[in-house]
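As written, the chains take the letters A, B and C, and residue 1 is the first residue of each chain.
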Amino acid sequence: MTMKISRTNTAAALWCLMIIGFALVPVLMTSTYQLNLACHVLIWGLFAVAFNMLWGVTGMLSFGQALYYGLGAYFVGLMVEYLGRAWYLPAIGIGILAAALTAFLLGLIVIRVGGVYFTMLTLAFGQLAWQIMFKWYEFTGGDDGIQGIIPPGILANPIVYYYGLLVLVMISIWMLKRMAYSPFGLILRCVRQNPERVRFLGRRVRRNQLRVYIISSLFAALAGSLMAGVDNSIHTDMFFWTTSGEVILMSVLGGLNQFFGPFVGAAVIIMIEDIVGAWTEYWSLIIGTVILVMVIAFPKGLVGELHQLKLRLTQLRARRSQ
Amino acid sequence: MNPILQLESVHKAFGGLQVTQNVSFAVMPGEISAIIGPNGAGKTTLFNQITGHLKPERGRILFKGHDVVGDSPQKIVSRGMGRAFQIASLFPDETVLDNIKVACLSKLDQTRRFFRPVRYFRQATERSYAILEDLGLAQHAGRLAFELSHGDQKLLDIGIALVLEPQLLLLDEPTAGMSPEERHRTRDMIKKLWKAYDLTLVFIEHDMDMVFGIAQKVRVLQQGALLAEGTPDEIRSNKAVVSAYLGEEL
Amino acid sequence: MDFSFFITQTISGLTMATLLFLVASGLTLIFGVGNVFNFAHGSFYMIGAYFGYQLVAVWEINFWLALVLAGIGAGLVGMLAEALFLRRIYGRPNEGGFQILLTYCFILIIDDVVKLVWGTEYKSLPRPHGFTGAVNFGDIFLPAYNLLIIGVGVVVVVAAWWILARTRPGKIARAAAVDREMVDTLGVNVPLTMTLVFGIATGLGGMTGALAAPLRTVTPGAGIEVIIDSLIVVVLGGMGNFWGAWLGAILIGEVNAFAVAFLPKWASLFSFLVMVIVLIFKPEGLFAPRQVRKV
């Protein structure tokens, strides 16, 4: 029992630290560029944490979450473009609903196959969505994207938008955390570890997989719709498979079996991408090599390996005191 | 009193090989019995047919009066039959407590609850601790399942099955691979659970201490056919059984 | 729709089918024998195309020799990748996910290396002498190079059938696809076999890339298109099913060819549609064998 209590205390402390840290960003950093960077970290952090519910928790490696991310972004972008700024906030809600519906329908098709097939199919459908958006130039603007997407009212102010974003992201992550630690989360983890046994407990494996798929995609769409207001533009790249890949890499880097791992991974990758991007365009080569090394040598990810280290140190200390 | 499990002329063949030959027997409620036989006698295959993992070609398998031939394993479990496997089927990365708790939550139909942390579900938590106490695993509650010893893992496996409150529990070689002390402990534990949970227990075993120590009835299988059926003493002195084991010490 | 149009489109479809099959068969081979899903398979195709470009367009080596060398080159890279990296994650829990992750890293690395060496502009590879024009059968004119590709496809199919059915390594490969542990106990060197199979499959993929290069431009990022196309073929045919891949390729090749003729912009959607329909009604593949392999 002692282990649990200290874990909750450390977790709560880190949680507070993180919120305070992010809350202070507009105060400490004056440049719009850095504010923009912080926005990216928050949004990708949410996207990655939501993705991890799918892979780290339930064991479903989807290579097509960009579809929902793009959907969220494009609902906002297209509705604002064609219907006016007043539709900005409703568009976020509608986009999320659309994503949930799409996830439900798509999930019905792809979840039945499982394993590698599932991954490749989500990739295929993601690319299909990208192709449609890319080629439908008249409607979506194709490769040019759509610019000038400005949130309504006071949200047009970047700092106000930032705080709104911070609140939404924190609430979302909090909701996902509750979910991860709930009976639903437990059943999902059991689905990953021993689906056959879950069936023997009288629970439906596929139904639970579908549920988490919809939930994860819902939050991916939210992340996308929030991003539209950060860069004030949308682009078909948001649907591209590399976007799906990016969120996977963030989760791996941070640690799959840790709830906050993907958030940390997102922050690290965005920071490093920012620094490295300045002097080389071969970012893929670098991140590819880093993740390669991680998969082979440090499969638990940054947070996971740190956690492991901490456990070992605690054990050593316990042994010494005996 | 009606039998809780009744096999009537159950027959199965894989190609030309008869793995179950015309097996019939009845298990009475509350009975604790063993199925023994030389290797290759078809014991596990018989279990698999009872639990729905295999389908016999002919015959009926009546569980609580219903013919379950053709039912899926999950359906049969929901009817009240539990099974522990030779290799413990657990959730290795979850704690021992959560392994039991997930079964409790399933039984209470609370696995769709997605907002409250698991530890606040008092009924499931209390029931889980109670079962762990019965299993003698309460001190390991916080450890991860894969960290347990082999014997404890098998006990945990049985524990998960017990959560679903089966009337009939099938154990496939519960003491396989255990050291003598572990076997002794498991044997006592199984007897205790049998009484405490009001079960009908059928187990496959090679460990004769288990068989003659706690079984009320022994059924002997040889080459897929039921060779003999009786109390442990009757079986011990049965010449055909002795020769089937080729002079093994009973 | 007149006869000559029909023939032209059919041949065009067969050409595409051949290329699809050559790539998909490598993918299905690695999966069937080694239980590895080579997500980066398209990247090896791309490597082959670039090697082909380098050999033919830059160093002006004989086309046919270049084809073979490109294949060997891609195969060697594949073997290195398998032996140095992929081998280390065999047997891990959640191996499938790590395989995809690792091969994804291959894609990232290979994509950038290719950009580093050859730049990002589209490259083109000329057709070899004697195959630049068209062959005519009466009124019908068929591109000679396309016919060549189909010819190569037939040769590979026959050779593959012969190797798998008649030779010892082929039989071992088929046995390993069914029961890898059994083959191990027979004394076959499994790690070496894995590396070789990987090399053969990626080599085949690379050669296909070089073969296809005169028809399509050589660009970075071609890898993902290829893998998705192969995926569609493999879904139709059933993963691990060599002949299924062949039939699936023909189906997709033809669907695509006729779709392109009528609705060029949205032609690629048709193959997708076919795949979705198959997935809904027969997820194990149209031509799946009786023994369904669970992924």
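One rule holds in what follows: contacts are C-beta pairs under 8 Å (C-beta built on N, C-alpha and C of every residue); 3 or more make two chains touch, one makes a residue touch a chain.
Quick caveat, the model's predicted, so the values are computed rather than measured.
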item: Length of the shortest touching-chain route, chain B through to chain C; value: 2
item: Distance-maximising chain from chain A - centres being C-alpha averages; value: B
item: Chain with minimal offset from the mean of all protein Cα atoms; value: A
item: CA centroid of chain B to CA centroid of chain C, Å; value: 49
item: For chain A paired with chain C, centre-to-centre distance based on mean C-alpha positions, whole Å; value: 33
item: CA centroid of chain A to CA centroid of chain B, Å; value: 44
item: Residue list for chain A, restricted to those that touch at least two other chains; value: none
item: Chain C, residues touching no fewer than two other chains; value: none
item: Residue numbers on chain A that touch chain C, as the complex places them; value: 55, 59, 61, 63, 109-110, 112-117, 119-121, 123-124, 127-128, 131-132, 135, 241, 245, 248, 252, 282-285, 287-289, 291-292, 295-296, 299
item: Residues of chain A that touch chain B when the two form their complex; value: 1, 3-4, 178-179, 181-187, 189-190, 193-194, 196-197, 199-203, 208, 257
item: Touch list for chain B against partner chain A, complex; value: 73-74, 77-78, 89-94, 98, 101-103, 105-107, 110-119, 121, 124, 142, 160, 164
item: Footprint of chain A on chain C - complex, ascending; value: 31, 37, 39, 85, 88-89, 92, 94, 96-102, 104-109, 111-113, 115-116, 224, 227-228, 231-232, 235, 239, 265-266, 268-269, 272, 275-276, 279-280, 283, 294-295
